[in-house]
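Each of the two complexes below includes subunit A, the first together with subunit B, the second together with subunit C.
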Partner chain A sequence: MNTNFMHIVLADDDEDDRLFFTDAFDELKLNTKVSTYNDGVELMNYLKTDTAKIPQILFLDLNMPRKSGMECLAEIKADTKFKDMAIAIYSTSASEEDIENTFVQGANIYIKKPSDFKTLKKILSQVVTINWQYHTNGLNKDNFLMRL
Partner chain B sequence: MTLKSIYNSSWFLKSVFALSIFIILFVSGVTYKHMKNLSYSANQVEQTYKVSVELEQIISYLKDTETGQRGFIITQDSIYLEPYLKGRERINNTLAQLRELTKNNEDQRVNLRELNTLIEERLSNFSRTYANLKNSSPNNPRFDAIFLEGKNKMDEIRVRVNTMIALENRRLEERKEAYKKDLKFTPMFLFGLTLLTLILITISYTKIQADIDKLKDANAKLEIFKASANQSEIISKHGNWQWIVEDKEFIFSDNLYRLLGEEPQSFDSTIDNFMQFVHPEDLEKLSIQVEKMMEDQELPFINYRIIRKNGEIRFFKARGKKVNIGDFEKRVLGTTHDITDEVENLLALEEQNFELEQNNKELSAFNYVASHDLQEPLRKIQTFISRLEDKEASKFSDSGKLYLKRISNASSRMRLLIDDLLQFSRTNKSDQVFETINLNDLMENATQDLAEIIQEKNATITLKNLPIANVIPFQIQQLFINLLSNSLKYSKKEVKPLVHVACDVVRASEEEVIKKTKSDFYYKIIFTDNGIGFEQEYAEKIFMLFNRLHNRESYSGTGIGLSICKKIVENHKGFIFANGKPNTGASFTIYLPKK
Partner chain C sequence: MNVFVKFDFNTICKQVLEEKLQLLGVDYTIESFGEISFKEKLTSKKLDDFRILLGNYGIEIVENHKSILVQKIKDAITEMVFDEDEKINVKSSVFLAEKLEHSYGYLSNLFSEVTYTSIENFIILKKIEYTKRLILENTMTLTEIAFKLNYSSVAHLSTQFKNTTGLTPSAFQRIISKRKAVLE
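After this line comes the complex of A and B, so read on.
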């Protein structure tokens, strides 16, 4: 097993979604290490410890108790420590308002949770293989929302 | 300036009157002078006669004296001396009168003086005769010379008197002539002037009469206007008031009293009396404004409440403005309007609006539930179903697999319904921004969105050039997508679908179907297909929410798509109509206002 795996973090209060997420990565058999947090507070507590390993990609649910995804996004963007971390919004809704706000706040991609496991796997595999440098340079409001 | 305008000008009457008075004064003056002349002439005539009479008298006295002398000479009787003695005195009296009568006439005075001298000489001749007669007989030749001298003097006197009478007669003739002349021209002149005055006064009278008629007419009109103003005040719940700036007094109209719930003119129209009706909370506000009005002669719109004596609260709105009408003193004309009904309507409307807002909020909340909270469990159900299908399906019995398939279909349908409902509620939003955009671009986006199904059905879409219009872009794009997908969905199974989109600019008045127009010109866009069509009787029904003409087994659908189309078109203040013929096709006509 290659120790140079990709570190991926998901913050989502929904147990089922966390299950689908980890199942998908298990089945994808990519070189990834997935850790999940139950809400924004847990996530930020982890990220703020000095010893924390900063993930390559953070999947962030928006609607969470205690601390919402938007709040986490704002805190993360305020800290230069996380400037190389890609942030994927991972939400049930794809309302114009949410898309607009997260784009302005500096998220890298917006994923609407699919209702099909196969599609989920497809999306996640695409996201982890994105060249973020390239993607971020050409980012605009139209390609911010991920489409298959 | 025309004659008529002179006639109608305000100074015309004044000038005519001034002229008339001047002429009358002139006529009076002339008449007075003429009368004076006449009496003077009469006096002069009388005087002339008197002078003649007096002169004749002198001759007569002298003759008497002469006669006495002769008698004395003949008889030597002193009785004959009496005429001589009396004559002298009388002659002196007459001469004195003559002097008085001729004092203004230089010629006659000279004549008179000479006459006087002649008479003196004659009389001295008499004296000498008498003196001689005492001493000698009249036959004495000495007397011859004296008698001759007496006769000569007498002749001279006669000549002088005749001269004087002739002179007086000449003067009398002259005066008669002048008097005649005066009599001839003066009355004609005076008559003419009087006639002119009469004409002028007649003109003035006509003018005054005409003015009075006009005034009466204007007064009648004013009365009518007043009555109609009163009536409209009552009907429209207005009251009028005037603030007479110089006198610092108010005038209230009848209806203002009625608005206060009082009988017209039942109390003095003072501001203090009025303020007694004003609601205590509005009293200060109104007082300040009224005081300001008294200085600025202008009352801006002000709202206040009054309390009638029966306790009823009414809402008033007042406004006043300075006017200068004719020669009237400066006034502020004000209007007070009872807006209680409006205020009550407004309050009712506000209440309704509040309720509507509440309803809308509830609907929005419901929409959020539908879009978000309902989606989440559904998504999980679907994901779990896909997990089951992928991993566990092989372990199911055939009926188990069938049930799983049915569950999957049902949840897919639910997903479709939720998505469409969400879209429908999004079309509800009224705060969408209109943009001027090329409709061809929106159509291009729509066909790209439907590329998959177009390819799958091998459909052909032919397009006429669409205009650039002011629309809500994403809604029009949705409209195009819905109409195209509707045509593709209800295509005939065995025939290649064909959709034709045409566009024209039309005049609203020429389109029968357009009833209430907001715009003169419309873009008329027609989507025509060769699908299964529908019975024309359903042409309106198909736009209703959840209305479907077909069962789900033959054609999938939620019955929301065309409702969304209608809503979008209505958002654009346009119209949408459907035409169908079973097994031939359907056409959808959209009218969008051209701005």
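After this line comes the complex of A and C, so read on.
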């Protein structure tokens, strides 16, 4: 696909979910480098440093202690440093209204956490592929909305 | 006050190329499909200067012959999808094969090899992108958009839109309007 690594970050307070996620990417072998953070505060502390490597895609759990996914989203959208980063909400079920609200507040992708590993790999592969298509074809990122 | 603009990428790109080529001070012609022919061979320094000038605009010089053909396929697909004057009324496989002077099978394999996606998927991606733009311009109904993009029915467009994005066209429109409202 490309010669450069794609940087992926996940913020999720659940250890099993973090492991599930990194294992899926390990098996997909898509030229990705995955980092994880345990909650919103750790995530934003890292992203706000000057030397932070801004990921191509950030996966953000909604329900995290100390700082929620929506609070992180608001901070991210307020900073132009992150304008090229795709944001994927990665969450257990939410109401239709809440899902739509994540898009309205600036998320590009909403993923309902799947319960089986095979589905997770498929979803992650789709997200990475579509994001790559946007990136290589200069498509309008403001219209990049996807629900899986 | 807010002003809304629309972009015509072809014009923008051509204009940028013209400006940068003038700066180079060489004899050139801009052909179609992002091809520039220079009367004389460029020195590697001039080529590097050119690369830097274009780099600021996200324009890359494509060097590998497979990538070149893939780019031509993408450009031909874009031309087909945005077919303003409705001159194209053949199947996409026929159009591409004729335009690029290779068999469709060859083009198809090459495209998948280089881009990790199929020509069919890319066409759908482009059509859905155009659909999004037209929805946001708010001057056409979904039925008119479906007709313009050669879908057999508005239901077909809606289905493809939902399959590609996970959202219905109306949900998409609603979300973008709400986003704009939030920004004000």
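Just so it is clear, the second predicted complex is superposed on the first by the 126 of 148 C-alpha atoms of A that agree within 3 Å, B and C clash if a C-alpha of one lies under 4 Å from a C-alpha of the other, contacts with A are read in each partner's own complex, and residues count from 1 in each chain.
Just so we're on the same page, a contact is a pair of C-beta atoms (placed from the backbone, for glycine too) under 8 Å apart; a residue touches a chain by one contact, two chains touch by 3 or more.
Quick caveat, the model's predicted, so the values are computed rather than measured.
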Touched partner set for A:T129, first subunit B, second subunit C, both or neither: second
Which superposed partner A:E100 touches (first subunit B, second subunit C, both, neither): second
First, second, both or neither for A:D16, with subunit B first and subunit C second: first
If touched residues of subunit A are counted for subunit B and for subunit C, the larger one: C
Touching partner for A:F117 - first (subunit B), second (subunit C), both, neither: first
Touched partner set for A:M146, first subunit B, second subunit C, both or neither: second
Which of subunit B and subunit C A:T92 touches, first, second, both or neither: first
Residue ranges of subunit A touching subunit B (in the complex, touch as defined): 14, 16-17, 20, 23, 63, 92-93, 95, 113-118, 120
Complex contact set, residues of subunit A against subunit C: 1, 100, 103-106, 110, 129, 132-133, 136-140, 143, 145-148
Residue numbers on subunit C that touch subunit A, as the complex places them: 9, 58, 74, 115-117, 122, 125, 129, 132-133, 136, 165-167, 171-172, 174-176, 178-179, 182
In the complex, subunit B residues that touch subunit A: 371-372, 375-376, 378-380, 382-384, 386-387, 390, 415
